[in-house]
Structure formats: structure tokens, C-alpha cells
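When the chains are written out, they are named A, B and C in that same order, and each has its own residue count from 1.
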């Protein structure tokens, strides 16, 4: 038994090799554009995993997840803006482009916002929860639209990418890709650990039957808020990465259709599996890239495809993978 | 992409393909082709395509490939398109952009890669002043200039109070800023509405309350159509006269608004009635090709193609960037505006005139020349540009 | 603020409110009775506008165009319900959100392909293009008044339909207890299809009326949809009466918010309103169930 290599392991090994080999291959083909695209995919993979934590495991249908992404991106954007202009934020804080400061701060701000929104939102149920998360995201969207000091709806160009002392230079596309890959693997791995811990079990329990969890003495409210906060923080990190990838931040990142697309990525990949939604993000962006090169009317294919996935393949792509023996 | 735009793009490729010349030039054409402002992209593309057709599908003897992208009027989409065009398609020139917010967002990735950025419409003050760049050229206008002419005219006319409206984006700020630079009466209201706001009921109610002598408004494309229609419906027309830059009263707007616009004054650097040889050919050819009167967007796009043609011819190639830059700075071409030259900040030095909306012999609304306002006018930012 | 300005802004708020009610009534009924979250409701608004714009160009009659668009969207709505959406009634909200999100993508792209990406601007007939002085010295656009009157008429019609007719009785019964009407032996499939079609047609009517005032364009239903969702959540999902009051509340607060509040808050007014109301009353103002 132990000798036979499972198809899953083979798949994983191939994937890891492909991910590592991508930048040199793209460069040798003279197509550095695809390194940027792959980085973008990894960023959205991370964002989709963070959403899956609350959506797939906790059953919290958050229709405003893009707001956390946007806040993370704006932390990098705004501090970078002050650094470039050599002005002070709130009249006291100097700007910075140091990723040692901005990336954790992006997580902190997005996480704190998620904590506050979570406190209010997770009391509500069903459609009201969907709607109230949407409403908060709309508030954030319009807040940044009207924040003319930082470009408002015109967005804000980043003077330069985040710096990490002299350790790595993100200006180089390949380096940025590997940093993003490392982040996605580390944080994604962390999320997987979380879902397998007691915390993850409780979350799943809440999704199955919240009343039962309450009856056995588990403070479900606190668990839900904690999960929401964690998901927000990870999305904030994805946002900080996205700002660096695009060299540009704008409220369009927080538009409700962006939140919708994140949910689509999760469902497409198969919710409640973390790796599935990550793959879902990659597939979604690939579809966008491939179909839009083939026809600009690619959404006329994506729309019905989505309906079919929801109707027939509730497990998403993940459900189509060969399963581990233990899962059967 | 509309059928017409598609055909135009295909015509460009078809015209280019039989030639065997080794020299090739790739143009990335980013513009707004969809939504309420989609008409602006269509005008720019049609003007540019017409010039290419006249030039035999070549710019300076080089085969042309035009790669078209729709920014939907959104800066973030513009940035993505520009990066794709610069990195994947390796274009020589990025052009076409109609909105200043998109242009400002796109400028960084394009100029950082030392790719030429030729504006055939948007003229944000930032790129004319402190953010000017050797690789950025504006063949159209700096945003402040056209309203400056109107400010000058209304001051001379003795207008005491004015109410200002514009969308809240960089060009809106520039336009009203330019107006105020030359208007010496009192500004009783200065309103910046959301970009692409469709309904102006609340703003109209406030104009009625303020009772100004005049309203100066900058609303291009679809925003202009909605504003003018609602202005007429509200009963304000006839009480408070409207004045605008040409972009609020051009051929992208007038046919949809109808007689409600007759008698309105605008300032501009060009109009469909401009009296010079190049323009007469342009307007005749444009009407023959597309069955409508061209707008300033089409005119500057047409000029943009002729500028590139002359500059590439002079430089001999697009590959020697220094030579091409010097050629762009100094080369002469037949502008539909008559006199045209570049200032030190790569923005135009040109004349500005006053026009009035009237009807032509066929009953169509046109902008008729009334008087000269500025001669060889420069923008206010060239002194802060160091490159 | 002058009294004329105030009166004019109240009318503007009412006009926005009645327009929102046309959207909200259908959406809230569909949720209340069939338990379906339908994001594609904004697409019906857009389709109504495009149908009407096309018919208006062909016939030159605004009335014919509006009637044709109403019937067109009614048929489209019923067809969609029969073909796809009825099988989502028993699914959870997440599935419904996704499937109908897919429909938004589909319809936006369909319209782009059929009608082109550029917006249409419709000219009103001369008779509707002016203004009247309801109060002497304060002219108001005739067309906006027509929207207000049409919206209030539909509201009255819906009230009579729901409170006085047999179908209305079934709707009320369905909203408060879904299983009961099934027990009554009513052909519930047909009732659902009719209610869904009617709601879609009302959204189409709202789009028809918005066309000449604003612009007919791809994605025009998307932002209206979000505002409508805010309305039905404030009103209490499933309650037509709640939707009516919430529509006017949202219409007025948005209009006055824009005038009185600083720009940074003005856009957020209705969302703040919703968050506050939900915090005080988690089921909205008029909860339909229990």
C-alpha cells in the first residue's frame, strides 16, 4: 500500500514543479507578461482561500469580501503615496514603502475592519447576512470613491513596489512571483492547519447545526467573529500583494461584482476544501484570459457555465479530483 | 466592439498586410468603447482610422497594426490593458485615451517602459507640468485651455455671476480651474458631480435656487446628453444661459439633444466649420465614410495619426526612440486646426475661438465660428515642467 | 433652503422612490413567496429599457413601446422561471445568488452583442419634454411627474390586487405560510410563474421609464439592483407595504443626503440607513414572516 504513489501526490508534485518553473520558462519564451498574470492568479487564490474559510467552513455567505482586499491594497497605496510625497498621514505618521511595515499593517487594518463588521453582521442570518456584508462593502467602496485626497475613484498609482530592506527587490517580476508564491503557500498552508484544528471542527459544526453547537456549550458567536476576522486579515494580505502586482489601487477593487467573482471562484473550485477555491481562482482568471482572447463576449459563456456548475457540480472542480482513500 | 469598429480594425490590418516593407509599427489604442461614453472611443477610432486609410494603411512608410482595447472609462481596466499592450504585444505607441483619469493611471506603466504615449484627447495638467515626460506628447489640448477661453469671453461680455458644474475627476478639476483663471466675475456655485452620474435633478434644483447669470458646464459624451436634456426639461433653459467647452456641445451630443441646444455658445480649438484646406478634406471624407459630422475627438485623433506619420518618416524608424522623440517635437504636419506646434512640455500651442450652435442648410446642428479669443495660447503649466 | 428648492427636492425624492418601488415590489414578492434571491432582477430592468427603446424606434409611440416592453419582460420572466429558476426555489441562498449572478453576466453580454456596447439616448416627444408649474414659480419636468404618477398607480394597483383579489389572497397566504396554500390544492407552480413574471414586468416598466430620463446602456440594472436590495431589506423581505415605505424613505434620504451632507457621506447615506435599521430591527421595518 505504502509503496503505491497516489494520483494526488503525483498531481501535487507536477503542480509544484510547474509553479517553480514558470518564471524561467516564460522568460525564455520572451513572454514576461505571463509571470505577472500568474502572480495575479496566486493573489486571487489566496483571497479565495480566505473567503472559503468563512464561506465553505463557516457557512457565512459574505458578499463583501472584496472590501477587505481593497483595504489591504489601500494601506500599501496610501503609505506609499505619503512616502513618495514626503508628507505625513493624519499629520503625524510618515509614509513608507517598507513591506515589513505595510504588509502586516494591511492585515491588521483589514482584520480589524472584518472584526467590527463581523460583530454586527454575524448576528443576522441567511439573506440578511448576505445583504449586510454587501452594505458594509458598499460603504467602504463609496468611502474610497469620495476619498479625493488619495485619488477617489480615479485610483492611486504606486510610485514603487514594497521594499524589504535589501533582502529582495520586488521590482523584478520573477522575484515578485516567488514572493507571492511563498506567501500563498505559507498562508494557505496555515489556513489548512486552522481548518484541521479544533477551531476548524467547531466552524464546520456551526455550519452543520449552530443550535447543537450552542447546546454543547460552544460560544458560536465568538468563533464566527474570529473566523471572519482571520479571513479579513488574510484577504488584506492578498490586497497588499494585489496593489504591488498592479502598481495601482482603486475602489474598483471593492466593487460588489468583485465580491461576486470571489464567491464564484470559491464555488467553481469547490467550497470547503481551500485548495479547491485556490484552483477556482486560477481557473476563473484563465477562463477570463483565454475566453477574452477568443471572444470579447466571453461572459456569455461564463454566465451559463456558472449556472451549470451551481446546478450540477456542487463540489466544484475539487469534487472531480481523484479522492484520497480515507475520504471514500 | 461594434460591427463598424470591428470592420475599421479589420480594414487597418487588411490594408497593412499586402505590403512587404520590413518596418512595422504597433499602435496600442486604448479608449472608451462601451457604456454612456462609448461614443467617444468610436469617434477617436474613426478619426484615427480615416487618417490611416488616407495614408495607405502606413505611418511614415511602416506597416501599421492597431491593437484596440476598451477601458470602459475605468482607470483600473486602462492600467491592465496598457500593461498587456506594453509587455505582451510590445507596442511602439500607446494612444487613444479619452479620459484624464485613465490617462494618468496608464501613464506610469507606459512611460516607465519608455514607450511613447500620445494623447489625442485627454490633457491632464499633471502631465503638462510636474509629471511631464520625454515620452509623453499631447496633440489635442491641455484641459484648462478651452475653458480659459470661455472665462475670457464671459469676463469681456460682462457676466457677473456664474455657476460651474463638472464631473469629479481630473479633467473636471482642470476645466473649472482653467475657467476661473480667466473669469473675473463671481462664482456662486462650483459643483463636482459623480463621474458618469446619469441624473442631475438635484443639481438643477440648486441652480434654480442660486439664480446665476450664466452656467458653465463640462459634461462630455453621454453625461452632456443627459445634462442638456434634463436642463431643457426642467424649464431652466430660457432663464439661465448655458456655456460650455466644445466637449459639452460637440457632435457626440448635439444630434441626441436636438433643438434645445440652438444658440448655446462654446469655445474650442477646432470646429467642424473650421476654414482650412486640411479640415475641409477631413470633414468631407469623414462624412462620406461614416455618415455623420465629426467631433473634436475625431479631429485630434486624425491629427494624431498625421503627426505620427510625419514623425516616423522624419526619424526613419520607430526603433530609434531619441530620433523619434526629436522628430515629434519639431515635425510639421497638416493639422485640421491650421496653426499647430508643440510647447516645451509637449502640449500644443494653438488658437482658441468662440462658436455658437446653429443649423446648417440640411437642418443639422453645427458649431459656427463667431470670434477669435486666444492666439497661439499656451497652457499655464509648461513653466513647471522640467525634462 | 428655500421652500421651492425643498418642494422640488421632495418631488425628486418621490420620483426616485416610486421608481425603486417598481423594482422592489417584484423582488420582495419573489423572495417572500418563493424564497428566491434573484440578482437577475436588475437584468429585467435593463431588458425592459432595451425592449422599449427598440419598440420606440420602430413605432414612434411611447405608450406602445412601454406596453410592448411590459409584455416582453413578462414573457421573458415567466420563461426563465419555468426553464431555470423554479429548480432553485429549494436550494440555499448561496446557490441562488450564484446562479442569478451568472444570469447577470449572461444578460449584460447578450445586450452588448445584440444592441452594441454604446448607450442609447432616447428623445422624449415634444409634449413631454417641458415642465409644468405645480406651484407657481416652481416648474417641474412633466416626465418626472408622469413617473411619480405611474409609480403610485402601480402601488395602488398592487395594493388592490393583493388585498382584494383571489390571486392576492393566495399571495398573502403564500408569503406567510408556504405549505398552507399547497394544502389548499392550489396549483402553486402556476401561481409562482405568474408572480415571478409580474415582478419581472414591473422591473421592466421601471427600466422603460428610466430610459428617456437617463440612458439605455449595458449594466444599467446593476447599480439599481443594489439599491433595490437595500430597499427590500429595510422594508422587511417579503412585505410589499414595507417595500413601498422603504422605497420612498430611500428615495428621499438619497436625494436630501446628496444636497445636505458632505460628499463623502452622501453616497453612503442609504447604506448607513440600512445598517442602522438592521441593527435596531434585524428583520427590517415590516417583517413578513412572524
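As a working rule, a contact is a pair of C-beta atoms (placed from the backbone, for glycine too) under 8 Å apart; a residue touches a chain by one contact, two chains touch by 3 or more.
Quick caveat, the model's predicted, so the values are computed rather than measured.
Judged by contacting C-beta pairs, the busier of the interfaces A-C and A-B is A-C.
Centroid distances built from C-alpha atoms place B farthest away from subunit C. Centroids built from CA atoms put subunit C at 38 Å from subunit B. Spacing of subunit A relative to subunit C, judged by their CA centroids, is 33 angstrom. A straight line joining the Cα centres of subunit A and subunit B is 39 Å long. For subunit C, residues that reach two or more other chains under the stated contact definition are 112, 263, 267. Across the assembly, subunit A contributes 145 as residues in contact with two or more other chains.
Annotation for subunit B: residues touching 2 or more other chains are 1, 70, 168, 194.
Within the complex formed with subunit C, the subunit B residues making contact are 1-3, 33-36, 38-39, 42, 70, 168, 192, 194, 198-199, 201-202, 205-206, 208-209, 222, 225-226, 229-230, 232-235, 256, 258, 260. Partner subunit B is touched in their complex by these residues of subunit C: 1-2, 4-5, 8-9, 12, 15-16, 112, 116-119, 121, 123-124, 129-131, 138-144, 213-215, 217-219, 255, 258-259, 263, 267.
Contact residues of subunit C toward subunit A in the complex are 31, 37, 84, 87, 91, 93-95, 97-99, 101-110, 112-113, 222, 226, 229-230, 233, 237, 263-264, 266-268, 271-272, 274-275, 278-279, 282-283.
Looking at the complex, you find that subunit A touches subunit C at residues 55, 61, 63, 120, 123-124, 126-128, 130-132, 134-136, 138-139, 142-143, 145-147, 256-257, 260, 263-264, 267, 297-300, 302-307, 310-311, 314. Residues 31-33, 36, 145, 148, 152-155, 157, 246-248, 250, 252-253, 296 of subunit A are the ones touching subunit B in the complex.
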